[in-house]
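Read through the structures below before going on.
There are two complexes below, and they share subunit A, which is joined by subunit B in the first and by subunit C in the second.
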Partner chain A sequence: MSKIRKLICYQCQRELELKKTDFTYLGHSFFTEVPRCPECGQVFISEELVKNRISEVEMQLEDK
Partner chain B sequence: MELANGLVAECLQNEPAFCSVECPFNLDVRDFIGKVQQGRLSVAYKTFQYAVGFPGIVTALCGEPCKQVCAMKDSGGAISMQLLEKASVDFARNKDPEQYNMPPKDKKIAIIGAGISGLACALRLTTKKYNVTVFEKSDCIGGHLYKLLSPELFLKDIERQFKYERYTLNFNTDISDIGNLEYDAFYVATGKGGNDLGAASGKDGVFMGGSLTGADTMYAIAQGLNTAAAIEKYVKTGIMTRPEGPSGTKLLREGLQIISCNTVLPANGNAFTKDEALAEAKRCLKCACNACIRYSPLMNYFRKFPKRIAEEVEVTIKPMTLDGNGTVATRLISTCNHCGLCKEVCPKNIDVGEFLLQSHRTMHDQGAMPWAFHEFYLRDMDFSNHEAALARLPRGYDKSRYVFFPGCQLGASDPQYVIKSYQFLIERFPDTALMLSCCGAPAHWAGDEAIHDKALAQIKTDFIKLGNPKAIFACSTCKQMFQRYLPEIESDFLYNVMAAKGIVPARKFKEKIVSVFDPCTSRYESDLHKTIREMAIGAGFHLEPLPMEGNLAQCCSYGGQVAITYPPYADNLVKTGIEQNNNPYITYCANCRDIFAAAGKQTWHILDILFDLGDENRVSPTVSERRYNRLRLKHQVIKEFWKETSIMKNPGKELFISQELKKKLNKELIIESDIYTVIENCEQSGRKLFDPEAGTFSGHIQIGNMTYWVEYRVKQDFGIELINAYGHRMKIEET
Partner chain C sequence: MDDRNVLYKTWSVCPVCMKRVAAERVQVGAEVFLRKTCKEHGTYQTVIWRGLIDMREWIGDADKTALGNPQCPDGCGLCHDHLQKTCCVLLNVTNCCNLSCRFCLAGNRNGSDDPTIHEIRESLSKFIEKGKTLVQLSGGEPTMRDDLPEIIKAAKEAGAKYVQLNSNGIRLGDDKEYMRALSEAGLSFVFMQFDGTEDSIYENLRDRPLLEKKRKAIENCSAYNIGVTLVPTIVRDVNMYNIGEILRFAISGMPDIRGVHFQPVAYIGRIPENPKDNERITLDELICEIARQTDGIIKTDDLLPSACDHPLCGFHGDFLVDQNKLVPLLKRGKSERKCCCGSSAAEKNREFVARRWLRPPVHPIGEGSRCGDVRDMEVFLNRIKFYGFTVTAMAFQDAGNVDFSRLRNCSLHVYDKGRFVPFCAYYLSGWSP
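Entry: the complex of A and B
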């Protein structure tokens, strides 16, 4: 895993923290911890997460 | 499903080979030879031994009726089956039969006659542990074999095959009436001219076979073996059936790939060495119907025959019919290019493509087809049919005889393709109208009938508006779609019209060798194939045919828009397409041109040659450029042909994207205008993230079903620099 980037929510000026976040795809839902603004809940999904775990789960659900 | 039933009923995949049908023992020659080909002679021997009962005797007396029907008969000589049988016997490590440990059965079977047919029946029944008694009127076993073989040979074989089995043998017992014998069934094999003991009248439980029925030695053995199965059925169920013998085959010789190769002769004159046996076995085609697997890229890639596809699709469409992993074929259904090659090469014309299309529609209707497979292409179609669309009569006309319908991808590849072609047409037919839109193929391929119907309705409306003109197509897919869904609209190909008007290619080449790559949707357009080749020859090219051209045309990978569904399959198809030979290609489909050029194949579009446009190395436009080109085309034709002012919308702040990043976006099918939309949203709403270390902003929005992420830097006075962008299908539930 690469170092977690320090990211600041532009609107709330708060640093993002790892928080439980829900996802849905093709009628299935699941959750994982991703960086979010503690105030407004704005999320950050890194390309690394997209290219690995997310695309893997997407493929699995498409073939389910 | 009617189509699925057709697939299963018509398919010849499981039809036996010609030779097996001729063989008295129905030997599965494909299986036997396959084992010899692999050098597994001991395993081949087991197959042979089980099929014939007495391998030593059969090898010595085999009359090779298979040779008369062998596909290699006139291509170097029929396969020498007898010598291969002998080789399996000679080189088998263990010639003994299998030893079966089964409890004895309480049924008693009498066999009248210890000739080879009676013994064959006894062998099978004793192997299954029936209580068998053989009555022989003489004092020896083997019957008429004494006239054909040395007793040493056949007695040794008989002894070996009965090594683990026991039966009661009564010599010097001439049975003239079976009425007094208490047995559950009888096999009467009393030899040529023998007493049938009433078997011929069809008495229950009394079977007959062998030379008594006029069978020759091979059939006599086969009858003995087969009758054992009929006897077993009778004693179990009381039903009398005829022993099963060889049946016919529906296999067709068309489609077999015969490569002439001379028969291997044994160096010693009478028996193969192991190497000779392998070489002879390798000549065998193992005749089977597999044209679909050999030709259809889909069936070849997945190694699946129509029956298997039908089964997998069936459980996918009706998932309740199978426990667990029911939707096994979702991706397969969506990976078909709909090129029509499977139907073309199938001797029974089984149309797997049409079956998959109907299945795709069913899946779509059930909401079971993942949207991601087709959303990008449907959005692209929507773009063609709205922002980039145009349907206009030429200036000064209120109706047209002709309309040029270039299709959405021709102008996307190069706007000049369309402009020059329309110029050509309008100079010769000044009332020719122009329609820039999509034929609806992406919706057809996506199985989305609602979107498709809407697109077709718009086309119909536009045609009425233009005075119901005859369509002039540049793309064979458009023509195919119109023929299927709008058959009332008359049409022709641009290239045929150009040829009829005597077009002279603007570029000339000196004896350059090229090959014409026919688009798959032009499969049955033989006039068009001829026209394109004449144009190429007219430009000075020397043509070399491709293995897959004309009615064997293979898809370039664009058909069915399968690149999102199964990228490795699409990549493989591009590779097989461009590797058909080393010549540069000429094609007349913008997608074939751009896909092959992007893969490094020198490829011209025929319009490049006719109008002296791009060269064979022209870099293919990215997905973003394809959209921009369509917009540019629309504005350019309005200015050029309608003399009206047309200004393209300025996207606002300038977006800087490095060449490397552009390549990445193209590969991941991310459109720059979508990137711009995400950035604009971030900037206007302020909903964005700041990375203080890098000085960049990040943000995302969902466009359609896709979520797009951008990372960018706002440059003072210089617009915006895109650092990265990516997308995912999963939806973030942010609330």
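Entry: the complex of A and C
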């Protein structure tokens, strides 16, 4: 996240704000802070977040 | 017997002469039996399921045609009819032991023909796939060998990814320098015989009180960052009542203790006498006891049938410890059932093992506290490394209940004289008439 300075929602032209956001996978719910448009609610999921935390959470939850 | 219902036709052996005989899984009322007839020694029937969980749902489509190789299992090594690849390789490094247990699967063997370190090196070089293989060092009691650190080092040098030690823990507790040497040699984790939380249990099964030795072994493993999985042999009249306490002991001992691996007693090797059906503990019964004795902290559907072996051979559950409660990460019927023996899936299984059974390095800020909201991804990922907890079981087969459909699905293989042999085929032994 440190590389992201300012993100603008393409649709609303509003600056995204860090907000606690829920994720669900295999019946488990988690939250973390991700940039979200205060207008339309769309979130930006960075590649860094996907490749690190999200994929690690998925791996921990999957059956062997 | 009017309500008898044949569920599946398979093959087994006569428990006396050990000749191959046709067998059936037969439902009588709620229970399921393995029934077989030897022309010479008569009919044998052994309970294999109590009907507490739906057996057909539990097995799913795991049963293939049971006939297979007519030489099965005498002709093992693995043949073209074997259905699973090797997940773990077990190597016996000694037949010597410092205990004389009532039940011992290796009890009919003696220490005179232990392999030399040279022979062990040779075996390791033949079966280890560099960067992949999980080797289980077993016996006898492997710690009877002073050169065990050398064996572990040899396994690592040959390219083993993980080296597991199957041990009763006595020397691990008594000899901290030895423990240090094992750790420095590259030991990954220990499967430690742990039959209960009371000395009377050890006096009954192992002929001496051992609880303090076990505690000390766990302490010494922890000192050198070696994870311990507790392995209780469950015998109905001895320690079945103690299942809940064993689990509570394990949870309170995390992160040093990584899980509990239950083994309902099998009647192979040295046994006090031939078993009666009311002494046997079936997998569904074990699952229900775990749920009952943990007051529902572990629920029956938190435990899933083995996909790596036949479903009648074991189960596994994966949990996160959250302030002395267990959060199940898997749910029967909801988590996808996968075999772990395919080429990429084998890697997945090994990483699952590494995630749960390896003791993580000491955390710089204090071992991933048990506090904090585990729904927070950061908290979850920090916690799971230290407080991921497995509850698993393996039901070994004996001359009474051996079922070739199960044998053909076995992924735990003993390496001996150039052959891979399914664990239960390797140790199978006959009963007195």
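Quick note on the criterion: the second predicted complex is superposed on the first by the 59 of 64 C-alpha atoms of A that agree within 3 Å, B and C clash if a C-alpha of one lies under 4 Å from a C-alpha of the other, contacts with A are read in each partner's own complex, and residues count from 1 in each chain.
Operating definition for what follows: a residue touches a chain if its C-beta (ideal position, glycine included) is under 8 Å from a C-beta of that chain, and two chains touch if they have at least 3 such contacts.
Note that the structure is a prediction, hence the values are computed from the model and not measured.
Trainee: Mind working out whether A:Thr32 is in touch with subunit B, subunit C, both or neither, as first, second, both or neither?
Mentor: The second partner, subunit C, only.
Trainee: Quick check for you: in the superposed arrangement, does A:Ile8 touch first (subunit B), second (subunit C), both or neither?
Mentor: It touches subunit B, and subunit C stays clear.
Trainee: Have a look at where A:Glu56 lands relative to subunit B and subunit C in the superposition and call it first, second, both or neither.
Mentor: Touch status of A:Glu56: second partner only.
Trainee: Does subunit B (first) or subunit C (second) touch A:Leu16, or do both, or does neither?
Mentor: Touch status of A:Leu16: first partner only.
Trainee: Looking only at contacts as defined up top, I'd like to know whether subunit B or subunit C touches more of subunit A.
Mentor: B
Trainee: Can you list the residues of subunit A that touch subunit B in one structure and subunit C in the other?
Mentor: 23, 26, 29, 54, 57, 61-64
Trainee: Of all residues in subunit A, which touch subunit C in the complex?
Mentor: Against subunit C, subunit A makes touches at 23, 26-32, 53-54, 56-57, 59-64.
Trainee: In the complex formed with subunit A, which residues of subunit C make contact?
Mentor: On the subunit C side, the touching residues are 304, 307-308, 316, 318, 329-331, 334-338, 340, 348-349, 351-353, 355, 375-378, 380-381, 384, 388.
Trainee: For subunit A, which residues count as touching subunit B in their complex?
Mentor: On the subunit A side, the touching residues are 5-11, 16, 21-26, 29, 41-45, 47, 50-51, 54-55, 57-58, 61-64.
Trainee: Within their complex, state which residues of subunit B touch subunit A.
Mentor: Listed in rising order, the residues are 325, 327, 330-331, 370, 372-373, 686-693, 697-698, 700, 707, 709, 724, 726-735.
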